[in-house]
Structures are given as structure tokens and as C-alpha cells.
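Here chain A shows up in two complexes: once beside chain B, once beside chain C.
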Partner chain A sequence: MGRLGYVPGGSLLHRLHPVCKLLLLIIYTGVVWTNARLSYGAGLFGILVISHWAAGLGFMGRSRRIISFSIMIFLVQTIFVRQGVPLWEFSLGRVTLAFWSGGLAAGAASVLRFLNTIGSSYLFIATTDPNLLAVALMQAGLPYRQGFMLITALRFVPLFQYELIQIRRAQMAKGIDLEGLRPRQLAAAVRHLLIPLVLSALGKVDSLAISMEGRAFGLHPQRTYRVQCPVSTADWLTLLLFPLLLYGLGRILG
Partner chain B sequence: MEPIIRIEQLTFTYEGARRPALKEVDLAIWPGEFVLLTGPSGCGKSTLALCLNGVIPRDYPGSMEGKVLIGGRETTSFAPGELAGIVGLVQQDPDSQLCTLKVVDEVAFGPENLCLSPGEIDRRVRWALDAVGALHLWDREVYTLSGGEKQRVAIASVLAMQPQVLILDEPTANLDPRGAWEVIDVIDKLRREEQTTIIVIEHRLQRLLPLADRLLVMEDGTLGEGPPERPRAAYPAKPPASITKEPLLQVENLTVDWEGRRLLEDVSFKAHRGEIIAIMGDNGSGKTSLLMSLLGLIPPREGKITFAGEDITSLKAHVRARCMGLALQNPNHQLFARTNLEEAALPSRSLRPGGADEGEIRRLLGEFALPPERLPFTLSLGEKKRLILVSLLAYRPPLLLLDEPLVGQDDDRIGELLAILYGHAAAGGAVLLVCHEVALVSRFDRIFFLEEGRLVIDAPPARAWEKLCALGRREYLEGWSWDD
Partner chain C sequence: MKGFANRDLLVIAILSGIGGVMSTYIGYLGNLLNNLLGVPFGAGQFVAGLHVFWLALGAGLVGRPGAASLTGLLKGTVELLTGSTHGAAIVLVSLVQGIVLDVVLYLAGHGSFGYALGGGMAAASNVIVFQILYFSGAPWGYLLFISVLALISGVLFAGSFARGVLDLIRVVQPTRLSTRRAPRRRSLVLTSVLLVLFSAGALYYFSQVYQPPWKGPECRVEGAVDNPISFQLSRFASQETTITAELKGQVTYVAPQEYTGVPIKAVLAEARPRAGAETLRVVAADGYEVGFPLADVLLDDEMILIEEDDSLRLVAAKYAGGYWVRQVSRLVIE
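== the complex of A and B ==
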């Protein structure tokens, strides 16, 4: 997986209504977590890989963290679940480790569950313009004040990341280094990091509130939108066919 | 004809403040007028702007006397947001007033709040972006814009409300000369073609004064008609200082990358004791990156940095800080303590042999008119910048790296700051200073000009200006004459 964020594109998944995609994600995640069968998990993973490919996105092999975390989940499950028949046993000093057939199956199922959850969330984020998602949610009935909380939060995340880097640099310029500090010094350094960040955030919120109110935000109970997000036939068909696909897959692999 | 703005005997005191921010202000502004408002930092200019768009007294606690009438109606009688279609305010920092992710959505934000039809919203967005010459930015993500582009989008987003009065609070303060001229062209176009009533709050007047109908001068909360009583003080020339032959700082082939982007490319130069060097260049050309790289805040990809004959390329920033003091462009990132005294002493504690010298720090704070016990975060921008400079001078690093230290300072303060810098150079130090004021940096020893991360000019001022003209960057010299 690449960096988390929207990846512009023109695939069918990109074109689907954002709320429709959100519903598909909820359905998919619900099925992943309510069905523990290994074969079904593998089938769902197959759908996910095909969807990534269809959306023009890379999947596995791009993120070392995902792979290492999957390996860790697998090892923990295989070591601690002692069901089925023992397959292999070895000693590390006083500790004896054994791999059981049930442990291997549980490890594989857990890894698939993890990959299916993370992968589907990534697919949703990568194919959904966050601005369009907020607009679609507001047009679907979410009060616009809440909708804009989402948009402004997304707008300010990179800004605060940048500010944090600058403040950290300012600390170093004043001769403060976080490495090798004693706990008390570290607490003071972290305080020095947080105070300017919080004050900067408050200043920006003040400025943003003046700017938004100065452009009539909150003047009317409703607002209009330049962009309309109508639900198309393709959206309805996808919403109808996707649960059927999952059901059919369950029947075949069950 | 009735004035569009009428202020009668306006006095406003912020809650908890001892003195009023505005004192018995009377003003009438007529439709289509272009008014320039100036005055020292912290004199009440921005407070007046907030009174005009109704934010004061509604959102800021305090006591208000007198009246502010917009189109004959008192601002206190408008509901929140109701003044939006009449008075538009563009604040100083465009970054903190843009609330959406894309340019087109930002400009559409206001008209959408007015419940206009999608067709009308689209028409206004096109018109506003065209008016500021930013139609090409239509689909751009806001965070990818340069400072000048953000400022233009901020203006367009207010223009799309089609306000009768447009107030711009220091619209060129954070822009390079090219960006500043772009914004001034936009203001001129609006004045000529749209007949919008415009109020611009500015420190630097020479570029805008020829366009303005009137100049208003504010001082300590009181308002008077210009021209300013005192003509601008001539900047003092740098007294001759003995410039050493051996360089204090030597940079060889410095190349710096950050997050996949090249910030500096093959930069080489020498700086000697006794020298003051100005760094110029467009926003994003690498000026700040150069200062940060010298201190080791951004690791180099290639190159060598030598300080007083010692290779410091591999030294960490907090070690290098002993010999070079950096003041960042935004002082808010550098303020950590509860009082000015504590803040000024902070670097000395870890960087000055023997720790902080409180007597010396108190003397410096007094010299820069900074009360020792005041909370640093309550200072004005100019005062904060002075406080950071005091914190550096207190531990006496031989090399000062100053990023736009003169922004937000009035002429008197600039004169004082120059005297301090000249003193530092005379005492055997050196200064690298980012600044675009040609009249001021002409007093210095050398000019560096950066273009897309490359050092393309390293020359004494007169020669540097010739080279700038040869590069086609005459905008850096506009509004300035050799007589300055």
C-alpha cells in the first residue's frame, strides 16, 4: 500500500457515489468480522485484490509495516492456539514451542481478517475524494456544520504536521535535543513542543472562524452546493449485486 | 451620496486590557474609494478592520462606545454572517483562513452559504478567480499553492461574495516581490474595473500609495488623515567594519533534498567576520532551507560546511547552535516560555558557557522595549521577532541567521535593529538575513539571490541589482530608486 490518501483516478470504483462506497465498506467489513472460515476469508481477499487492481492501485508488497504486522499476528496465533494435531515441536532452552494444525489455521484466518479490513479501508480512502465524501454525506442529510468539521479537519492535518516539524526544528535551534534526555527534561521538552502547537491551533481556529463567518457560514439553516452528487443506476446496481456476490461466494466456498 | 462606512466616536477596549485599542475614531468612506491605512504594529489597525465586519463587538469581549454604520445601518444590528455580502475581510495569513481542500471549493464556499443556485455559484467562482488572475488554479489542492497563490485565492473567496467593501489586512506581508506585485495588480484591477470600495492595511506604502485615494494613519488607537507627519526615516548606512580574510563560514557544493523535493542545489559561498549578507529570492526558492541547512535542521544530501576552519557537516543542530543562532520566519514556532525574560534566557541555558546572564538579558529586553514579565504569546508579531533576536544576542553566537526579521517592524524599530546588527558585525560576528527591502539591504555588504534552490547571484548590492535586471527580475527593484 502506498501513502494513505486519495489517489485520483477514473476507475468504476473512483466514480461510484461516496456514500455507496461507504455502505459497501461497512457491508464488506461486517462480513469479514462475522465469518471466521479460512476459505471464505481467502475468497474475500481475492475480491479485494481484484478491486485494487481494477482501481489502478498497487496492493501488497508496498508496505513493509503491513507485512511485518501480518507475520507477527500469524506467529502469535500459531504459537498460542493449541488445537488440532501437533505438527512441529522444538525447544529453546527451557521453553518448548509447538505448532498445531489449529494454530496455523487460526493464524492464517487472523492474517486474512487483518488484511481484508486494512485493505478495504485503504481502497475506500484511495478511491474517494474526501471533499466529495463530505459533500455527499451533507447532501444525504448530515448537518452541514458537522460535514465541514470533517473538511476543515482534513484541511488542517498537513498544516499541523508542518507546524510540528517547524517547532521541533525551533527547539533544536535553541539547543534542545530530545535524544538522551532524562524523563524530567523530556517532559519539559514535550511541553515546549505542545504549547506552541496548541497556541498556533487556537490562533488558526480564531482566524478560520472569522473567515468562515465572514463568508456567511451559518447564516441559513441549509446551504446549496456547486457540485451535486446524484446516486446513479450503477450505484444502485452495485449496492444490490455486491451483497449477492458475497452471499454467492459464501455458498461456493462454504 | 451617502458614505458606505461611517464611524462615529468609536472607542473599543478589549476585556482585561488597561488601555483602549481604538480611541474616539471618526471616519467616513465613500463608495468606490481606495483607502490605505497604516501605522505602527499593534496600533489598532486590525481591530478597526474587525469592527467594520462586525466581528467586534460580537465575538470579542470588551467594551465598545460609539457607532459603526455600514450602508447607514449599525453593525450590531446585523445577524452573524449577514454582513458577509457587504463587507469582506481578507486576513494577513491566508493559510489559516482557507477552510476547504480545493481552490474551486474554497471560492464556492461563500456563495454556497448564501444558498445561491449551482449555476450562479459557478458563475461567481469563475468571475472571482478571473478577477485575481487565478483561473488556472481552479482544480488545485489548496496545500500545494505558493504563498502568493494562496493570497490570491483568499481574495477570490471573499470577492465571490461580491462585497461592497473589501478590506485587506497586510496582503503582501508574507509575499516575495513577485507575489506582492501580483496582489497589488489584483487590487488595482478591482479598483478600476469593479469600483469596489477597498481598504488596505499596510506597513510598506511605496507600492500602494500611488493607487490610493486617501491615506489614513493610525497611532496608538487614534486615527488621522495622512500623509504621515513624519517622513520615513532614512535607513542608517553600515559603518565600516573590518572584514576578515579567512571565512567564518564556508559552504561547498551544498545540495539538500526533503521529502523527494530538491531544496538546494550545489550552493557554495563564504561569509566573513564583519559581513552582513542579505538573502533574496521568490517564495520557495530555498532561502529558509539554506538557513536551516546551515544549522543542520535539514540534513544535506551532499556538500561540506566549515565554520571557523572546522568541518561541522556531521554535527547535530543543537551542537551547531552554539556558533550560529537562528530566528525563524514565524516566531510563534520559537516561543516556549511563560515570560519574556524566561524566553530570552532559554537558549543561553544550554548554549552559553556559564549559563544565562540575567542582567545582560534584562538590558537587551529594555533596549528592545520588551517588558520582562509579559507573556510572550501576547506580543505583536514585530515584538515576538524582537524577543527571538534578544534570545540569540543573549548567548552571542558569532553567526546570526535571521529569516525575515524586519517583517512587522515599523521604521523606528528597523533603525534600532540595524544598529544592533551593525554592532554584531563590528564585534567580529557575521549576519545572514532574509529580506526583500531593497532600500535597506543596499546598506549591506553582499546580496545572495536564490532561484529554484541555486545561488545565482553573490555580489555587492550595486552589482547584484545589475545582475537582477539582467536576469529579468526587475520586480525586485520596482518602487525603489537609487536615491533611496
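== the complex of A and C ==
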């Protein structure tokens, strides 16, 4: 599956302060995880679809894994939750499966919870530059040594992806089977992939550490930034109105 | 956090970056396992330990309490920002895995046992978090099975394998890493504490919760009764009766057939409902319940409890299918 990432744009959501968007994500996800009502979940889903549309993004339509995980969640809930009234029952040999009205409702609510969680996360990452997020977090008070960790980890992701492909090809060229799924083959594949990758990655630590300490990284409690992320009135307003929107929605659909 | 040197933070950042990259590959392996075994999900948990592998490496290389949690938080954030299919939930899952690993390593020390136990428990914790978020209705037996798969994976990949790689790194020295190891004096204390806790848990479970299959299912009569009882059908064996009943549900229909069981009124007679009680609520183990007028029940010869699939089932011949409660666990008089 191709991974999603930042999609540059000029929508309102793109222009919001990254930390403001992170707070909105935390609030939204918190509400999603603490409410099990089907109607409220559907309402939150509606907000999400509108937000995706407003940001000029498609709604996660390209992932088979999301669909299969949703089906899995739905099936588990509908098969195992036996509440309400029985709707349908059938036998598979000695096993009898029954679908109850409560199970269907629980399944739908859980799927909505999953879609709302990943949908909001996708909206966040598609409208937020990760590096800008790290800078904004540091300007908002996160110690810059910790913020630098996030920047470093993200900056190395493309390099590690490239190295993983190189190591994989090199090992396969040596005749090592990396695609077998028997336990022994799986263990060997993991060993032949991960050990070179780890050793190669750790080899970069020294040069980076020397470079950082040569520049006295971490000596001062504060640092300056080339890029500034000021908080605008629109950010404050959004932060104020969004929880009210969720509360109002809860009252209407409750 | 102040205790972490720049080199420690770099190690954590780099391991989180690789962990974020590898999560896609691990997900692919998990899907392959599911497809190979022909199941929609579950088998993929056998590679769950690979997600914790990076956290174990971080803890081992940095050697400070909190390293695994920090690696977990950062790895989860990297996965979120690079488009994980679990969204923000992956940050929570990864952080919890790191905390579990940190706690176990702090208590058990950085020996083979600590890594095996910590890796296994951290890998299994993902099942619990996902259960809380999305699978609240799944039966505990199934979750236990999946957790055991993840636990085994954690012991192998995040325990044994990570420990082997740490030893290899100490030999190869790809970087001038700190080779600190957390003090091991706590190992014996922790082992004793865990032994006591597990033993107490096992004792409580087997004495208070567990019902051996040969003992048969139990039911309680409670509420407005003079003699609350917990019983098995064998207690009323002498009063067993056979009735012919036809199940007419909204969807399900079972043609008339014979059912042998114990009349509810015989059970209630022993529990002695108090004067003024009006209703009998029959409650199932999954929370489903139905109510009956108590006066009708006490005169009903065709309302019996039978044993079916290792649980109790109510057969109510004079009522619709929705009243034939499965997995009966309580009879509540009100």
C-alpha cells in the first residue's frame, strides 16, 4: 500500500497552525474513543467527510487494508455481540452463527470509530508539513532537543526506505530466501534484513553526534528559528469553536 | 529526559525512524501469514514482536529507564506522520508497548529474562489496546489466543532476537555506544514479586472464577428472595421434566421437539421469592435479558432450564423465540 503524506495546498486547514491542528486531532480522537453512540459516530464521520472535501482531499479511497480491517471489526462485533433481538441465524456444520440487532449496531459503531480515527489522522498528516510541525512544537514549548529527535527520525525515513530496498536486493542476489513464510524462513529473513539495516543506521550516529556536539547542540536552553509559526486569530477561534461544535453535535444526536 | 545525552537521543531517533519504515514491511508479512493460513486476521500477530524489537533495541542501547517509552512514542509518531493505516491509534499502541517494556526491564533487569518477558508483554499489549478501541465485543477466549500469539512473537523477536542483536552490536561496535546496563540487583526482587503476583492471580482465578468443564454451568438466583442460591442443574435432577415446545422467533423457527430440563418454578421454590415480588428477570452472560410476570412463572410447567453447549438455556414454550434466553447466568426476582 502506498503511504500517505503531506499534500501541499492552500485551504483553511492547510493554513492553520500545526500545533492547533494537533490539538484538534487530539480532541477529535478523544471524543471518538470515548463515545460509543452510533448516531454520534455518524455525525463525526460527516464532519470528517466535509473537512476532507474542504481541504481538497479524497476520502481515503485507496487503501484495501482499511476496508479489510473495517470488515474484520464489523464481523467480530456482529458475530460475538448477542444483544437486542436475533435477526438471522444459520448453521455451518456444528457451528451456529447468529446475527443480533445489538451486534449490528455495535459493529457499525466500531467501524465508524475506526474510520473516524484514521480519517482524522489522514486529514492531519495530509494538511500538515511534518517538519513545520516539529518547529511549531518547539516554538510552543517542546524542548528543542526532543523536537530535533522528531525531525531526525522523519528526515531519515526516505534513507532507510532506500537502504531497506538495497539490503533486500543484495540478500536476494546472494540467494537468500526472503519471502518464505515458514517459521525458520521467516526468522532467517528477519535476521538477514534487520541486522544489516541496524548496523548501517547506527553507523550514522557517531558522525551525527560529533557534528551536533561540535556545534554545541544542547548547550543553551533556548534556540532561535529561521522559520516562524505565529498563532493567528483564526487558530484561536478554531480551537474555541471546534469543541463547541462537537458538544453541540453530541446534544443534537444524543 | 535531561539524563539523555545527545547520542542517546540520536539512537532513539534513528531506531524510531527505521521502526516506522519497517512497520509497512511487517504489516505486509502479517497479511501474508493471514492469507497463507486462510484467516482474515489473527495470524499476523505472530510478527507483532517485530514492532517491539526497535523499542527493545532502544532500551538496550541507551540503558536508561524511559528509553523504550520514548522510542515507542517517537516511533508511533513517525508511523502516524508517514501514513499508518491505524492513524492516531498507532501512537497510543506504540507508547503503551514502550511503557510496558520499560516497566518490565526496570523491574526485571536487562538480562535475557527481562527482555523475553518485557518483549512478550509489550507485544501482547497491542491486542489489549485494540480490543479496548475496536473489539469490545470479542470473546476473551479469542483475545487470549491472539494475545498468546503476540506474546510468543514478542518473546522471540523483541526478547531473544533483540538481545542477540544487542550482543552483536557490542561486539561489532558500529558506534561508540554507551554499553551501560541497568543494574541487575533488582532481578531477583522482581522475579520474586512477579512469582508472588502470578501465583496470587492464579490462586484467585482457579478458586473464584474458573469453572472446570466437568463441573457444568452455574446460575444464581438473587434479588427479592429469602434464600439466594447458586446452582447447577444437577441439584434439581430429581425434578427434571420433559416438554415439547416449538420456537417461533422473528427470524428463527425450530419445529416442535422435546426438551428435558428443570422447571424454573422448582428453582424459585427453593429460593423462596419474598411477598410483593412481581417480576422475574432472566439475565444472560452477555447482558441480554428478558422479564416475566413472576405469578405466571410460578404456575408455568413449560418454562424450563436446559443444558445446551456447556451453558444454560431457557425454554419458554408459551413465549416467543426472543424469550428463549441462551447462556443464562442469573435469575433476578424484583
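Methods note: the second predicted complex is superposed on the first by the 230 of 254 C-alpha atoms of A that agree within 3 Å, B and C clash if a C-alpha of one lies under 4 Å from a C-alpha of the other, contacts with A are read in each partner's own complex, and residues count from 1 in each chain.
The criterion applied here is as follows: contacts are C-beta pairs under 8 Å (C-beta built on N, C-alpha and C of every residue); 3 or more make two chains touch, one makes a residue touch a chain.
On a predicted model such as this, the values are computed, not experimentally measured, just so you know.
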item	value
Overlay on chain A: chain C relative to chain B, clash or fit	fit
Contacts of A:Gln222 with chain B and chain C, given as first, second, both or neither	first
First (chain B), second (chain C), both or neither touched by A:Ser51	neither
Partner chain in contact with A:Gln139 - chain B first, chain C second, else both or neither	neither
Partner chain in contact with A:Leu25 - chain B first, chain C second, else both or neither	second
Which of chain B and chain C A:Glu213 touches, first, second, both or neither	both
Touching partner for A:Thr127 - first (chain B), second (chain C), both, neither	neither
Chain B versus chain C, judged by how many residues of chain A each one touches	C
Partner chain(s) touched by A:Lys174 [first = chain B, second = chain C, both, neither]	first
Three-chain overlay, vertex chain A: chain B-chain C angle, C-alpha, nearest 10 degrees	120
Contacts of A:Val190 with chain B and chain C, given as first, second, both or neither	second
A:Lys204 touches, of chain B and chain C: first, second, both or neither?	both
Smallest separation in angstrom, by C-alpha atoms, between chain B and chain C in the superposition	8
Chain C-contacting residues of chain A that also contact chain B	130, 148, 152, 154-155, 191, 195, 199-200, 203-204, 208-209, 212-213, 217-218
Residue ranges of chain A in contact with chain B within the complex	130-131, 148, 151-152, 154-155, 158-159, 163, 166-167, 169-177, 191-192, 195-196, 199-200, 203-204, 207-220, 222-228
Footprint of chain A on chain C - complex, ascending	1, 4, 6-7, 9-18, 20-22, 24-25, 27, 29, 31-33, 36, 40-41, 47, 50, 53, 57, 61, 74-75, 77-78, 80-89, 133-139, 142, 156-157, 161, 165, 168-169, 172, 174-177, 249-252, 284, 286-288, 321-322, 326-327
Interfacial residue positions of chain A with respect to chain C in the complex	1, 3-5, 25-26, 29, 33, 36, 63, 65-66, 68-69, 71-73, 75-77, 80-89, 98, 102-103, 106, 110, 113-114, 117-122, 124-125, 130, 133, 143, 145-146, 148-150, 152-157, 160-161, 164, 181, 186-187, 190-191, 193-195, 197-206, 208-209, 212-213, 217-218
Parts of chain B lying in touch with chain A, wherever the complex brings them together	50, 53, 55, 59, 79-85, 87-89, 91, 93, 95-102, 104-105, 108-118, 121-122, 125, 142-143, 157-158, 161, 292, 295-297, 316-318, 321-322, 325-326, 328, 330, 332-336, 346-347, 349-351, 377, 391
